[in-house]
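The structures considered in this document are given below.
Look at the two complexes coming up: chain A is in both, with chain B in one and chain C in the other.
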Partner chain A sequence: MTSARNNLLVILALIALWQLAYWAIGDLALRPPLDTLCKAAALIASEGFTAHLAETMRAFALALGIAVVVGVGLGFCLGMSRLAGEVGEPLLVSFYSLPKITLYPIVLLIFGIGMPSKIAFGAIHGIMPIAIFTLGALRNLPPVLGRTSRALRLNRWQSAWTVLLPAARPEIFTGLRLGFSLTLIGTLLGEMFASQRGIGFLLMQAIGLHDTDVIMALTLLIVAFAITASMALLAVDKRLRHGAA
Partner chain B sequence: MNVAATDAAVHIGLRGVTRIFGTDPRTRVNALGPIDLDLRRGEFFAVVGPSGCGKSTLFDIVAGLSPATDGTATFEGRPLDGRTVPEGVGVVFQEDASFAWLTVADNVAFGIRRAGLGAAEVKRRVDDTLAFMGLRDFAAAYPAQLSGGMRQRVCIARTLVQRPRLILLDEPFGALDQQTRLIMGEELLKLWRETGATVLLITHALDEAAMLADRVGVMSARPGRIIDLVETPWGKDRDSRVVADPRFGEITARLWTRLRDESMSALSQKAG
Partner chain C sequence: MKRATAIRLALIAAIVLALELLTRTGVIARFVAPPPSEMVAGLWRLLLSGRVQPAIAQTLGKIAIACASAIVVGSAVGVAVQRSRAVADAMAPFFTAYYAVPVYAFYPLMIAIFGVGEAPQVVIGFMLAVVAVVVNTINALDRIPRVLHKTAAVYGMSPLEAARRIYLPHAGPYLATGVKLAVSYSFIGVIGAEFIMSRVGIGHEIVFAYNNFENEIMYPLILFVLLVAGTVNGLFYAWEKRLLSRRSRS
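Now for the complex of A and B:
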């Protein structure tokens, strides 16, 4: 309960800060919280918004699905073999630290303008952190778990599926939380630069028209979605740890 | 060095067992042996030795977790291949090996569920084992909510529920405080009496070995060999009160006399 109260306090403080910033800077670059909220509500009710939202959500869901399956799969395969892990990890990390936006022209050349590019760009952002966390999770498992699986007469795959993967699950899930946020960023970025539909496209259009009302309203919606999803995932994360720190 | 035993009475048989790590003659390590040793069916055998003498290597070979380089190791007359742990062998490690994502009851049920036992039989056996190990009130708890001693009980219960005929314990109480060790030792004796299983206990604590075992094997510094076999005079109904028996002091003194030089030598190996 105290954590819920703390969260509420943080949100109230942020809104107060926002209002203060508005008073300091003025209409030139900002809108006050209440106006933004009204604009966001109007935007949601406006014609065509649902289609844009559905487009973004579909791209995001597919990108996230690909990122989770490929990321966990890749991390797991590398984590099960010491040699593959040692070769693979530096590659993963260097790819992770690469600004993915530099790859966007290539992604566009391969997938064309539209849905496939957004999905690919979102997935590229999500795969690496998920793979790195999965690999790290498996590598950090105490060796006694592997020995215990052998003592319980499990074969390699039974051991991987029923012991190692569940043991690594809390840490893999932390990677999934990070992958979730980065996939969302990637999908929106993909929409901003080469798309005719979606929330990212709306945002880019508003920037082009210098429509501060819409920019602020869209940003508020994206932030609200990201925070809600992230808090839900954090709650699942805590449950997975069964009272362990 | 061994008393002559008939084949049926020999539960674990080791003949000229050695273990060498590495193949390069300059860097390879003679970790163990040669060891000749018979464990009798139903006996409680403890192995003590200086640190790094190959106790855990011996443990792995007897468990079937790793192969001997030379010699033969048999369990109930069948050779141990070092790749699979035979049915009938239960293993408890020093480290906490409880499964954090399962409740205590599911931890205990894990092995027998995998073996395909029916749900009713699994429940009956798990209930019995939880009661026996004093874990009944914690059946729905997760390991993270338990103390180290209780978690080790969970691991012992998970092994015990499979009804092993040979129970191998590698310093199972090494991470516990002294009082908990004594209590766990008594529980181990009770478990041994009631299951009739053969027990092999690897330990570095001489008093633990002297109190719990029928026979204590003393190992030399690396490469570990059995340099002394000490029989204890306690009856089957012994408990931790044997520490007050004057013969207890004599036995630990003898163990220490044998071990002292070996421990010195082990220390200088490390320094060198």
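Now for the complex of A and C:
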């Protein structure tokens, strides 16, 4: 309960800060919170917005699905053998920290402009953190679990599915939380750069037209979605950890 | 460990070789990707021609400024926030949500505040990097055992002296994680900002080449960015690892 109250206080503080920034900077590039909220509501109700939203959500859902499956799979492949982990981890980490936006022209050349590019770009962002966290989670499991599955004569699949996955779930979920955020930004970036539909496209269009109302409203919607999802995932994360402890 | 390194290098070499073969035999069309050997040769020619040096210098300068200021401001904010448990806990979900926010959406705002020059790109790099430093500073300070605070009190150390002699050496490796992330995020932020809307810098040069179908310029530049970012990140990664392993030995 206190954490909910604290979160509310932080949100109120952010809104107050926003209002202060508006008073300080003026009408040039900012809109006050209340106006933005009205504009966002109008935008949601406006014709055609649902199609853009659905487009983005579909790309995001597919990208996240790919990122989770490939990320966890990759993490397991590398995490179940010590040597594979040592070989692969520096590669994963260095790919994770590269400015992936420089790869976007290559993604476009391979997948063309449109849905597949967006999905690929979102998934590229999400796979690495998920794989890194899965790998770390498997490495930190107590060795007794490995001995248990050997004693029970489980094969690789069985031990991965029935022993390792449940034991490593809280850590993996933390990786999923991070992967969620990064996949979202990856998808949006993909839309901003080369796309004819979607929220990112609307945002880029508004930036091109210097339509501050729409920029602020869209940013508010994205931020609100990101923060809500992040809080929900954090709550699940906490529950998983307490359940495991 | 030696064996893993050897396998890793062999793996990278195999991938590059496969790419070379696939592009040479035309399985991967030439307009999609030129052979790696041509990318390297192209990069060499491009660097010799001196055409891109100003853009490179500009971009690296911006990254350095963004990164340094993020480390300074981030550590200060982290120390301030960590003093109150309630504030730090309340901020946690916002820190994780922060990286889902497309910071680039604030670019028009930045231009309105800081003008059309290079400052907005530096600010974007700073905004991406600073939160990683704050989070890792809080994490590092949280990990200082209470006994060390007591030790400082017993010796009657001033806060500054305690920070220098006890807290910093203890928290060093975790702070290094923040520094490492700040480096890679300022790369991502600055180059991303150049990519989307800018008239200068390596990011802009890449987009310009892409829009003109100049693969022989675009790929070498991408290779250059990946090599520089990869090397710098790799150095910081190794540095962090060394600090951490020193910790586990002592």
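Quick note on the criterion: the second predicted complex is superposed on the first by the 236 of 245 C-alpha atoms of A that agree within 3 Å, B and C clash if a C-alpha of one lies under 4 Å from a C-alpha of the other, contacts with A are read in each partner's own complex, and residues count from 1 in each chain.
Here is the rule we go by: a contact is a pair of C-beta atoms (placed from the backbone, for glycine too) under 8 Å apart; a residue touches a chain by one contact, two chains touch by 3 or more.
Every value quoted in this text rests on a predicted model; they were computed, and no experiment measured them.
*Asks:* First (chain B), second (chain C), both or neither: which does A:44 touch?
*Replies:* neither
*Asks:* For A:158, decide between first (touching chain B), second (touching chain C), both and neither.
*Replies:* first
*Asks:* Scan A:169 for contacts with chain B and chain C and give back first, second, both or neither.
*Replies:* The first partner, chain B, only.
*Asks:* Examine A:17 and indicate which partner it touches, taking first as chain B and second as chain C; both and neither are also allowed.
*Replies:* neither
*Asks:* Could you figure out whether chain B or chain C reaches more residues of chain A?
*Replies:* Touched residues of chain A are more numerous for C.
*Asks:* Which parts of chain A are touched by chain B and by chain C alike?
*Replies:* none
*Asks:* In the complex of these two chains, what residues of chain B are touching chain A?
*Replies:* It is residues 63, 65, 84-85, 87, 89-91, 93, 95-97, 99-102, 110-111, 114-115, 142-145, 158-159 of chain B that touch chain A.
*Asks:* What residues on chain C touch chain A, complex-wise?
*Replies:* 1, 3-4, 7-8, 11-12, 31-33, 86, 89-94, 96-97, 99-102, 104-109, 111-113, 180-181, 184, 187-188, 191-192, 195-197, 203, 206-207, 210, 218, 222, 225-226, 229-230, 233-234, 237
*Asks:* For the complex, give me every residue of chain A touching chain C.
*Replies:* Residues 2-3, 6-7, 9-10, 14, 25, 28-30, 83, 86-88, 90-91, 93-94, 97-106, 108-110, 177-178, 180-182, 184-185, 188-189, 192-193, 200, 203, 207, 210, 212, 215, 218-219, 222-223, 226-227, 229-231, 234.
*Asks:* Please give the residue numbers of chain A that touch chain B in the complex, ascending.
*Replies:* Residue positions touching the partner: 142, 144-145, 147-148, 150-154, 158, 162-163, 166-167, 169, 240-245.
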